[in-house]
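The letters A, B, C, D, E and F name the chains in turn, as written, and every chain counts its residues from 1.
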Amino acid sequence: MKRLDLIFSERELQAILNTLEKANVPGYTVMKHATGRGPERVVTEDMEFTGLGANAHVIVFCEQEIIEKMREDIRSVLSYYGGVAYISEATPL
Amino acid sequence: MKRLDLIFSERELQAILNTLEKANVPGYTVMKHATGRGPERVVTEDMEFTGLGANAHVIVFCEQEIIEKMREDIRSVLSYYGGVAYISEATPL
Amino acid sequence: MKRLDLIFSERELQAILNTLEKANVPGYTVMKHATGRGPERVVTEDMEFTGLGANAHVIVFCEQEIIEKMREDIRSVLSYYGGVAYISEATPL
Amino acid sequence: MELNLLLQNIFAPTVLFFFIGVIAVLCKSDLEIPAPLPKLFSLYLLLAIGFKGGIGIQKSGLFNDQVLLTLSAAVVMSLLIPLLGFVILRLKFNVFNSAAIAAAYGSISAVTFISAESFLNSQSISSDGFMIGALALMESPAILVGLLLVKYAAPKDRPDSRKLHLGSILHESFLNGSVFLLLASLIIGFLTALSNPLAVEKMKPFTHSLFYGVECFFLLDMGMVAAQRLPSLKKAGSFLISFAILMPIFNALIGVLVARSLALDPGNALLFVVLCASASYLAVPAAMRMTVPEARSSYYISTTLGLTFPFNIVLGIPIYMSLVNKIIPTSPL
Amino acid sequence: MELNLLLQNIFAPTVLFFFIGVIAVLCKSDLEIPAPLPKLFSLYLLLAIGFKGGIGIQKSGLFNDQVLLTLSAAVVMSLLIPLLGFVILRLKFNVFNSAAIAAAYGSISAVTFISAESFLNSQSISSDGFMIGALALMESPAILVGLLLVKYAAPKDRPDSRKLHLGSILHESFLNGSVFLLLASLIIGFLTALSNPLAVEKMKPFTHSLFYGVECFFLLDMGMVAAQRLPSLKKAGSFLISFAILMPIFNALIGVLVARSLALDPGNALLFVVLCASASYLAVPAAMRMTVPEARSSYYISTTLGLTFPFNIVLGIPIYMSLVNKIIPTSPL
Amino acid sequence: MELNLLLQNIFAPTVLFFFIGVIAVLCKSDLEIPAPLPKLFSLYLLLAIGFKGGIGIQKSGLFNDQVLLTLSAAVVMSLLIPLLGFVILRLKFNVFNSAAIAAAYGSISAVTFISAESFLNSQSISSDGFMIGALALMESPAILVGLLLVKYAAPKDRPDSRKLHLGSILHESFLNGSVFLLLASLIIGFLTALSNPLAVEKMKPFTHSLFYGVECFFLLDMGMVAAQRLPSLKKAGSFLISFAILMPIFNALIGVLVARSLALDPGNALLFVVLCASASYLAVPAAMRMTVPEARSSYYISTTLGLTFPFNIVLGIPIYMSLVNKIIPTSPL
């Protein structure tokens, strides 16, 4: 099994979740209110009340083939709005 | 060293932490207010004020043998209430 | 690519972020309001309003060489104030 | 039914804010009331309604016949309604889901009660503080019945680990956070009114003056929550959807007859009816999630929040009021 | 300029709390107002100002000539200012950044408006409720213009996936959370004042009495936010820094002339000028982040929050007041 | 001791809500006040008490002899008490823990002070606004002493990286978030009362009327927090447990003698005593966690929150009142 970590602006959350659902992931977890810094943007907690919002961190445990299915869609969302996505190995307990 | 990720309803948190303590984990981290979707249940932020609560994400860095010790207990809690558990490799910095 | 997970008291956040910036990490993500237990300290949600604060969980995706650069600095902050740091493998999507 | 009452209810700020919340979701506005703000409002409302209730009870006196009779009737209703609901729900659902949903409809919704109070207020109809005692007493028995139904109706389906112990049943029924806060605030209000009238005055700006505004703010959020339940309501099927509307009306009918036989004033009668007709989304889900994980939480939460709650605060309350006006003579029997 | 006005403004608690926030950050105090508390204050202020505005409009009557003329002028200003700003910004920035920043300066800041109201209040100068209507109407058109500028001025730069559809432009302009909450509360206030004066009284402790205190609390936070923007302001460059001060003054000048030709009273005139001079940090960033991700958010957010907002509430308001006093005769033309 | 005072204190809503919080935890109710709501209440209370204090100081006049003497005595007490505490604690603990705990007991708890004010209020005993000045002035010196003790009493134990620089000691002592907010609000209150009485009136619904209710809400949370400390208190050992009760009483005794020699009125005397007897859980832990990580935070936080705070607000305040009544003659010496 794989673990996919996605970090991006909360405002893109719906677009990402739609992509995940389209690929039929078995489930996902969302943690909002994350902040951080990417190659160019800084996201700070004090700005969360403005329209910009904070980041969301999404974790998906799923098979490699599902990742293949959604790779392009996720990449296109992230390249449009920014954000990062990383895959690592994970074994069910 | 291993990294164990547990995601489940906040309402089971005490049961899971008891299990961890029983197995003498060196430590653990809890992040509450996570939302998500599993095989059947959807957990959304807008429902957090009701009695259902959100999810908790628990991270444990520990040795494989500790994981073996608690495997059954964790599985039984998760099979009762729902939630997921995954193991991956981790090296101390 | 590597994934570095740092968990420590929110009060050390600035010191850790300075260390990351000094090593020129490409980015990082911060999740505050984490609680947990380490070898000796317990951090609970109900204490968050006091001066102690909760924990922060910082994730950095970066190359091994950057990790080498900051290893000593991070270790010295964590050995001073407490907290844990683990490295694992990660592949960009 | 008097259309007039309906219109007056719909133009109350509370109901208008509820609509606004619904519309925000339907129009996909990015309006958001992030957690834990709704929890803040909900805790505040429980604390304030409890405190006000305690003062009210102290004023009306606890040990007069009508008070004791009304409170007993309230408890009996919250024991009976879940049994009735269970029998109906078993036509379609397994024991776990039936018990959980039945418990929700036997228990009460504090915010529906509050809305009914506001409605009475706008109609200049008085009600008594002891009705908040009924509110507090009706939360737990329904949970108790629901869990006992699971314990005795489904003993063979469940593995050993899931056996319900009486201890944990009682714990879930009486020590649930919202039940506890409401009851405790009620007692504090009572004791304060008894021993310390000055402190009552000092609390009032917080518990009384602010109340209506916070209620509006919370109803804005409830409108958003209700609208977000709509998609999962569709999945629930037409049986459950009908149940979520017809069961409250049916309970209201029983309630109004009981209220008549108790010779309640119109104001108290409406509150009694609303308690019977409303369904819980705070205490019951919390208890069921812990002890009956086999029940689908979307069943009991989507119906109570997505359908029964909106129905009650928008249409139910004025309907019940005209029912009360018809069935209960204004001068006591 | 009357130094007196300036001093009186600076010694208002709202402005003092703002300074305290700035100082806390500059001194590296660990004072913190954690999320989502600022969101709570911001939602409250929008709800309350909207509700108060609705009551005000109901009282002043919507369909009198001056009201309609003023509201139309407000909309025209919020269409024109972004165009002007765009032309100036294009000297230095690409289409995306220019359009996003221009939209921010065409739109308004509700808290700046509220501060101006408090200032008027402290000067015992009256203003009318319908000006809150102008506030509500001026948020969206500027967003619309900004997005249309992107759509038509930069068609070839953008890949297909980034094509702006009119539907999503309208959605971002009119259904943004803060626009929606303000407008909805305004309508609820209006309807309540019309049909239910009792409910208005019940809302007042929440929407009226509490308002000034929450405003102070929020301005404490805004001071911290503004001071935290300072480092990224340096990166923005001197052109943008000058723009963030000069553009509001320029807009204020146009505004005061329009106000004069509308024969507005001094109070309403100041509010009109402040609407023209203020820049948005709620609705516009939300819309731009979604639809024009090419624009650097630090440009439009650092300038509006770090410079224009502080400038307006500390110096701008008294400056604009003395401008109004000079240019607009106290008895109508 | 007058049992009467004790009973009257225990039946105050504030104390009752505290008990409710304790009971909720002991009964394992799932009642929860999630973060950051307690922080909201805590920030509000500091802001409001500061603002009220500033108004009070402006009214009583800052530069009269008794005010200056009292404030100086307060500062001296908060320098001496940590030294005394340190000597006692060194019998059992290392330098780091001793200094950190001593600093906590030298500093003050604003909520204990507020509770004492409420108690005076319920007894119709007046007190002066300048006592809030004493509150604000007593937070920092104790931190300073604690950190200096670490710097000079433990120089050889610490590696270079942990050297305490005077700059950071001063920073932690005076720019801690809660110290800063209290002091800043005090100054704002003072300036506003001086220059802008209208604004004071506009603030009152927020800072004055709401105060008591928020205090109750916060004490509910404090009850839960205190009860959750109990398990770690057991680990702290009997020496520290005794210290957490006896030290406040001892400090109160010194305090009452100083108050007598200052010829304070009974109301001000009680507040002075309570400041001496209370221990910090906001400013001191924040400072110690940053600069003395060797000290076990559970020591200074479990004792202050789990024992000293409950003791003071439930038993301490009425005990100190009867002490004041005994030792201080009602007409000035």
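Keep this in mind: a contact is a pair of C-beta atoms (placed from the backbone, for glycine too) under 8 Å apart; a residue touches a chain by one contact, two chains touch by 3 or more.
Small disclaimer: the values here were computed from a predicted structure and weren't measured.
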Touch-network distance, chain A to chain F, counted in steps = 2
Ask   = Just how many steps, at minimum, does a route from chain C to chain D need if it may pass only between touching chains?
value = 2
Request  = Return the chain whose centre of C-alpha atoms lies at maximal distance from the corresponding centre of chain C.
outcome  = D
Message = Averaging over Cα atoms per chain, report the distance between chain C and chain F in Å.
response = 33
Key: Distance between chain centroids, defined by C-alpha means - chain D, chain E (Å)   = 41
Query = Counting in whole Å, what is the centre-to-centre distance of chain B and chain E, each centre being its mean C-alpha position?
reply = 45
Ask   = Residues of chain E touching 2+ other chains?
value = 30, 34-36, 39-40, 176-178, 205, 209-210, 286
Task = Quick one: which residues in chain C touch 2 or more of the other chains?
result = 11, 31-33, 45, 88-89
Ask   = What part of chain E is in contact with chain A in the complex they form?
value = 34-36, 38-39, 41-42, 161-162, 176-178, 221, 224-225, 228, 232, 281-287, 289-290, 293, 296-298, 301, 305
Query = Which of the residues in chain B come into contact with chain C in the complex?
reply = 1, 3, 26-33, 59, 61, 88-93
Ask   = Along chain A, where are the residues that touch chain C in the complex?
value = 4-5, 7, 31, 33-39, 45, 55, 57, 67, 71, 74-75, 84-89
Note = chain A contacts chain E in the complex at 9, 11, 33, 40-42, 44-54, 76, 80-82
Request  = Provide the residue numbers of chain E that touch chain D in the complex, in ascending order.
outcome  = 35-36, 39-40, 43-44, 47, 51, 171, 175-178, 180-181, 184-185, 187-188, 191-192, 195-196, 198-199, 202-203, 205-207, 209-210, 286
